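Should a chain be cited, it is by its letter among A, B, C and D, assigned in written order, with residues numbered from 1 in that chain.
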Amino acid sequence: MKPVDDKTERRKTEHIRICLNEDVEGKNITTGLEKYRFKHNALPEIDFKEINLGTSFLSKQVKAPFLISSMTGGTKVARNINQRLALLAESHGWAIGVGSMRAAIEEESLADTFEVRKYAPTIPVLANLGAVQFNYGYGTEECMRAVEMIEADALILHLNSLQEVFQPEGDTNFGNLLTKIEEIAAKLPVPVGVKEVGMGINGLSAKKLMDSGVKFIDIAGAGGTSWIQVEKFRANEPIRNLAADAFSDWGNPTAECLEEVKQYRNQIEIIASGGMKNGVEAAKALALGANMVGFGRSLLKPAVDSDVTLLEVQMDRIEFELRTAMFGIGADSIEQLVNTRNLYKIS
Amino acid sequence: MKPVDDKTERRKTEHIRICLNEDVEGKNITTGLEKYRFKHNALPEIDFKEINLGTSFLSKQVKAPFLISSMTGGTKVARNINQRLALLAESHGWAIGVGSMRAAIEEESLADTFEVRKYAPTIPVLANLGAVQFNYGYGTEECMRAVEMIEADALILHLNSLQEVFQPEGDTNFGNLLTKIEEIAAKLPVPVGVKEVGMGINGLSAKKLMDSGVKFIDIAGAGGTSWIQVEKFRANEPIRNLAADAFSDWGNPTAECLEEVKQYRNQIEIIASGGMKNGVEAAKALALGANMVGFGRSLLKPAVDSDVTLLEVQMDRIEFELRTAMFGIGADSIEQLVNTRNLYKIS
Amino acid sequence: MKPVDDKTERRKTEHIRICLNEDVEGKNITTGLEKYRFKHNALPEIDFKEINLGTSFLSKQVKAPFLISSMTGGTKVARNINQRLALLAESHGWAIGVGSMRAAIEEESLADTFEVRKYAPTIPVLANLGAVQFNYGYGTEECMRAVEMIEADALILHLNSLQEVFQPEGDTNFGNLLTKIEEIAAKLPVPVGVKEVGMGINGLSAKKLMDSGVKFIDIAGAGGTSWIQVEKFRANEPIRNLAADAFSDWGNPTAECLEEVKQYRNQIEIIASGGMKNGVEAAKALALGANMVGFGRSLLKPAVDSDVTLLEVQMDRIEFELRTAMFGIGADSIEQLVNTRNLYKIS
Amino acid sequence: MKPVDDKTERRKTEHIRICLNEDVEGKNITTGLEKYRFKHNALPEIDFKEINLGTSFLSKQVKAPFLISSMTGGTKVARNINQRLALLAESHGWAIGVGSMRAAIEEESLADTFEVRKYAPTIPVLANLGAVQFNYGYGTEECMRAVEMIEADALILHLNSLQEVFQPEGDTNFGNLLTKIEEIAAKLPVPVGVKEVGMGINGLSAKKLMDSGVKFIDIAGAGGTSWIQVEKFRANEPIRNLAADAFSDWGNPTAECLEEVKQYRNQIEIIASGGMKNGVEAAKALALGANMVGFGRSLLKPAVDSDVTLLEVQMDRIEFELRTAMFGIGADSIEQLVNTRNLYKIS
């Protein structure tokens, strides 16, 4: 177990700065959602005002099928971001995740930078840790502390193999993680989920995780933020820097993950994320089988602003877009959207 | 029933100004007609001069299978546009529609801005109302008044769900419209048709409308004017403004609608419109099963000019192009064009 | 029969000027040959120096399977062009065609502008007339005069329906031409062929022509010079000028014509032309079933220069490219090239 | 047998200069590897640090499945390049080839410019000659001298038909080479391999070569350096210069060669090369059936620099990329990579 120090804090700050200012998307790869189109239903036969976005996630009711993806914590800036995101997630009835809590596990004084429950008393809140830490000393105890620290409804473990490789001195021993995840999932009193960070969990991995007792999966597919590209902007070591380009189109596109994972929809809750920018994409993801849709980087920028109006507008816009897409196909509930036959692949 | 006021007049004027000056087409979406190509017949075996564009529409003979789509009315500028369009439609033997007549229903003094019959005594003329008004107090009476006001041969009802959503204070209750359309179609002494305004009526909706007694359908497909983009230029409210982009590729492309609707050709008259700019596209639409082809925005610009020469040239050009396309495949009547096997999809 | 006058001379001169200086190719349409690729044979097992381009055409031996397409005549400039083309066709052992001879039929003093036999005593020479003239007074007599005037080995009739339509006062009665072509083909002592001028003769038309006694076909497909675009640059009439754009992608691409016509290869000689620019394209056309490959506009520019070096270089280049392509797949005779299995469509 | 003179030396120097400074890639043709993508495995279940790149080639162990392609020799500059490449190939445990040794066969004083064994005592070293020389006086003796001159583990013969054609005064008699290759392969005490130089050896040629006793094949496919384009920059003769463009998309793309050759994997060793620039492409080539991956021009530039740091960085980068790609799919040995099912063609 490596000590969390200034370096970690500097890294987290840099991550945010890079994500806000640099082009950190993959090249020649997209979410694949643009290949889908809804059949417009000229006769929706519903009242726009009656469209209901409500659904349930982790046994709680949410007012919209949306999640603010795990992003940050551990620094002062992060604390403010988390607070703003939590306040608006609560007012909108969305779910929320926090960034990796390792910093706070190792340095308790940082716990309050992950504080979201105070501002978000009723919505689903996800604690977050890197699964690879199970090969570096972490276990049930650390997981429990993370969950308790923020009174989380669940713990989501992230799988980020290629990010660790591109991160100088990253933790790259991913051996035997499945067994360890299984153990944690069995022991923890709250549901345990697993996510990627932008390379995508495909059907095969989802199946293995499901069989290990994981209760929900966030596919976090390719086509949005690429952590290899993020690390590239930090790399001052030539090899990793040059190598990042060769991986610019690496990953399982979000839509492809959904196509593969949809079949497990009845056994496990599925969060679609990775490159989500608007409510039409969200509608497509839901029609492709997701229970919830997660937004990462596209909500980071407005959340940095001390005035929350911008963030509120973006969240309202996403809801309006989903609602309008549902109106366009004549679906007035999330259930109807999920069961629509009006989504097709453009040939 | 909301009163028609200055606001409505301002809106209509703005619509025209925006349609003339801004880029109001969807993005990443086309009519799909460009994917079709005619097989050139080097041996047409006909005389170009004998090619006959005549056909019938709503039991009247027209000299060409063309319709000027429902566009305007309600303002002084609109009156002049309608007059010019009517004069030339009559001289060319095309059919014509007017814009939504709600303004004149609610304020009778505006009736003369929809006056086209005076200038177009012999051709098919279509009255126009929004179907959604049936949920806001309209019924048979209003429909009859619209028809009588302009001595129309038929009434065409428009379905414009997404335009209403993007229009601040739009009428967005589209519940139970089908039953109400069925009622009107049964009661009105003239044929009732239904159109979209640029998002497209696909096979399923066409079938439902046909089964409800609708006599003709104007598919008004995507790939041309997008009313969401038009409203975007009016929006001073941030959410709708931002959301318009997510819907820039929404809709059923004109060619796809035709592919689906063609099967009902023997039971119902089909107007192909949405993005039509020339007579070759029109020829393709006819070969894909349409009875008539409608031109909206592409005829608006020349119709604004007080000198009608420009409008005449455009209409002559469209006819010349259709005629030449027919010559190119060796068809000398609309019937032969409709039954051609010379249209194929480019692979 | 309309008199040939100054107008005709002016038109011919304009055609040449436009073809040399303007963009007269179609848009969004190509020959389709670029979709084919040869499989490189790393082990050709032949000697490059032994590759033989010789073949036969119209019962004469030619040193290469190449034809200079029918292009010009009737003016002083044309005379010089024809002379240069003839001299080099003879020295290279290619076949040659002259432009439409109508001018010289109607005004005998123009006969010498079509003179090619004097400079090309041994190669196949093609006389040329528009088939549509059979509906404007022409018959066997005019055809015989054309053939005799230049001691031609054959007569090739051009079908140019859309060019006539776009040419102000064009001859646009293409009725019943097939019967008339059949009659001429039966009566003439030399073989009669038929060509398009850039819109392509497809399988169906080829079949009909073959069944009418036509002995060879020049498909003259789309993807190269578009006569509609050429006429556009002459049009001072707004309608034709505007309409030309709608036809910018009209026509049967050269490769598609070949795919359809190949089946008749044993009954009729096939010339592939339309957009040919180099010997690799020629090799593909031969592998797709052509007996000869025709070059039009791409040889016009060098032929205008009074110094023939440029023209010679182009012709040498084309031969070198064909030879090299054959070396690349290990074919040392035209027969082997025609029977190769090394051409495939890129997927 | 033509004497090697100043001309040859000048040519070799020019080749290097052109390859370093000009755009010598084909146009409208790629390796085809970009059409493949790996399925990311979020759960690799391996330790990055344990990934082993070692494999065997020509019965020797190599530390990575990489070969520095045959490139140069015969001049002073070449000597330095060869020395640097050899030193780093040895330190990295890669295989290495030298450029065509004809110069040294004909002028023994040039032998030391091909010296690599001194700097690379343990790795596989390939001697190189043009197969076409067997039609110009070469035979077993010259082959043996080449092998002995550099204590090579094997001899690789290059097939470069189109390069010879585009090279003024090239050796273009490729007749009966197969029999002669068979003879050499039978007589030589070391394994004989065959390679192209960038146009690709496809399945059919590979089969013939295998049946003639060839022990390994370097497909050297299209998509990277095109020797026709290289020669174009040297051509001062107009015909070859102009003709080069027509061949800019000629050749068998690297990925297509692999798809065809993979089936012989158990009988013959396969080197994938042609356009290789990074370790992800290398991983794809290995997953498509190659035993080794060759890098040509992409290693030339860093090898020209007298400071070897740049070259080392590139080689390290390529290894890091391969390792990371393997981590991304969860393969910790070359054998596992070769047998992966995680490579798919993007549709």
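Worth pointing out:
The rule is simple: a residue touches a chain if its C-beta (ideal position, glycine included) is under 8 Å from a C-beta of that chain, and two chains touch if they have at least 3 such contacts.
By chain, UniProt protein names: A, B, C, D = Isopentenyl-diphosphate delta-isomerase.
Computed from a predicted structure; not experimentally measured.
Centroid distances built from C-alpha atoms place A farthest away from subunit C.
The two sequence copies subunit A and subunit D touch through a face in which the numbers common to both fall below half of the numbers used overall.
Work out the mean CA point of subunit A and of subunit C, and you get 63 Å between them. Chain centres here are Cα averages; for subunit C and subunit D they lie 45 Å apart.
Under the contact definition stated at the top, not a single residue of subunit B touches 2 or more other chains. Taken together, the subunit A residues at the contact with subunit B in this complex read 34, 37-50, 277-281, 313, 316-317, 320-321, 324-325, 327-328. By the touch criterion stated above, subunit A contacts subunit D in their complex at residues 28, 159, 161-162, 164-166, 172-178, 196, 199-202, 204-205, 208-209, 222, 238-240, 242-243, 245-247, 249-252.
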